[in-house]
Amino acid sequence: MTDFVDRPVITHAGARRALDGAIAEADSLGTPVVIVITDAAGNTVTMARMDGAPLFSIEVAEKKGWTAAASGARTCDLRDVFNADPTLLHALAPKVDDLMAVGGATPIIVDGATAGAVAVSGATEEQDQQIADAGAQCLA
Amino acid sequence: MTDFVDRPVITHAGARRALDGAIAEADSLGTPVVIVITDAAGNTVTMARMDGAPLFSIEVAEKKGWTAAASGARTCDLRDVFNADPTLLHALAPKVDDLMAVGGATPIIVDGATAGAVAVSGATEEQDQQIADAGAQCLA
Amino acid sequence: MTDFVDRPVITHAGARRALDGAIAEADSLGTPVVIVITDAAGNTVTMARMDGAPLFSIEVAEKKGWTAAASGARTCDLRDVFNADPTLLHALAPKVDDLMAVGGATPIIVDGATAGAVAVSGATEEQDQQIADAGAQCLA
Amino acid sequence: MTDFVDRPVITHAGARRALDGAIAEADSLGTPVVIVITDAAGNTVTMARMDGAPLFSIEVAEKKGWTAAASGARTCDLRDVFNADPTLLHALAPKVDDLMAVGGATPIIVDGATAGAVAVSGATEEQDQQIADAGAQCLA
């Protein structure tokens, strides 16, 4: 029977734990951000807009989250690929609706498969990525 | 000084309290749902997709939340208006992008002004409304 | 550890089996159709446009498939809900981008959870639903 | 009689053969990908998302497929044109909605006319192109 395989699916409790881990990291940096936790398909499980985080970060964090979940890669690494290959950036990125290859999102990997993503927007790109990494590591 | 007035703005901590109150109500009903807490402009502050809640409820809860915040009315009451006047429904509802006049969202009213909304999707319309009311009452 | 729960995820082999079961049912009815097999998030795993199936059925089948996966319900049953409640139809359905509550799609249920959907377009609504049911039953 | 001419139109059976040839090539490379087989108009006839292929590849493969069918060129060759002329890339590519000039798609040519395309996403650009070429050659 190979019609189905069992895969780990992130629970709301797990997503809340990653969210709170990311909030703690943002607090320690003193940078209010929007944090989105997605499932493997890039759909939001939970999110937080911290007091003072910019409004545009809702949409940015959602799209970074989809990008990390749908690619299985940290978005800072996707950005490096596009930095090195501008033709690829301009030929591909605008054509995929929710693709946002900007640092700040980290896939949640369980047993070698992507089970979700932590995505952050509102601070510097490096800080966003650091906060996302911290959130994802809560579930490692 | 009349250029500005102070208004109560919902914090992330307040939104989390309303969210957890709504989750507790949904748990007591045994119905997994999506819950969205918005600010006065209908933008999400925090949200939760409980384990087993249907996926389409993300979009539905977001739009019910905007509707309650942007109107200051419970969406079950807006639905009653449209039930009684189908011409109004067809003439108006499609023209306001995020207007979803279906039961399940409650404005958060502070000192007579709308400060946000609690919006719910995934159970029956009556249960969604009951859960949203419970969440909003946590902040009363 | 409740951060993750194991859930059955449909494989390409399983999706191909459901696809071929649906094609056989369509052949027995003599009605060429488009058949889409989705995962639990409504994303396509495999699809077939049979010779002579109408072109518009690609988009229709994709959206019926998302609808069945995102709701966990047969789309003919969702249609019945809307048949009985026109206010709900007009207030809700146009506001959810990919929601198409028209007969022809069946969720794939495993251990009580939605693991995907079989969606069909191109014949009558009743035939589409019959073909979708036949495809889903291949995996039961 | 010049109102109509006979043209070879790809059947579902032909598309399935190209699909399975491409899957076999991807298996031999050990790289799960999304494969889309289109007709001469760039509309999908059949597709497969192999187990482990990234989710974003659905949209990418569909657009590469349209590009190869609508141009009659391998998308790696279109990419070379844009690599050599960035102004052309920026002036033209964003204006054609589904144009994605990134390696990985091969037109299916019959008697000198384009009858469809094989499009691939999920591996390296070179591997995607190799898999697409292999699929198209099944029909040569």
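Each chain carries a letter (A, B, C and D) given by its place in the written order, and its residues are counted from 1.
Basically, a contact is a pair of C-beta atoms (placed from the backbone, for glycine too) under 8 Å apart; a residue touches a chain by one contact, two chains touch by 3 or more.
The structure displayed is predicted, hence computed values, not measured ones.
Novice: Quick check on chain A against chain B: do more than half of the interface residue numbers occur in both copies, making it same, or fewer, making it different?
Specialist: Homomeric contact, same residues on both sides for the most part.
Novice: Which listed pair, A-C, A-D or A-B, shares over half of the residue-numbered contact pairs seen at C-D?
Specialist: A-B
Novice: Let me have the rounded angstrom distance from the C-alpha centre of chain B over to the C-alpha centre of chain C, please.
Specialist: 30
Novice: Chain A to chain B: how many Å between their CA centres?
Specialist: Chain centres of chain A and chain B, defined by C-alpha means, are spaced 26 Å apart.
Novice: Find every residue in chain D that makes contact with two or more other chains and list them.
Specialist: Residues 51, 55 of chain D each touch two or more of the other chains.
Novice: Tell me the shape of the graph of touching chains, choosing from line, ring, star, complete and other.
Specialist: other
Novice: Chain pairs in touch?
Specialist: Chain-chain contacts present: A-B, A-C, A-D, B-C, C-D.
Novice: Write out the stretch or stretches of chain A touching chain D in their complex.
Specialist: Residues 5, 41-42, 67, 69-72, 86-88, 90-92, 94-97, 99, 113 of chain A touch chain D in their complex.
Novice: Contact residues on chain B for chain C in the complex?
Specialist: 51-52, 54-56, 59-60, 63, 79, 82-83, 86, 89-90, 93-94, 98-102, 125
Novice: Give every residue of chain A touching chain B within the complex, in rising order.
Specialist: Touch list, chain A to chain B: 11-13, 16, 43-51, 55, 58.
Novice: Mind pulling up the chain A residues that touch chain C in the complex?
Specialist: By the definition above, chain A touches chain C via 2-11, 13-14, 17, 39-41, 43, 110, 115, 139.
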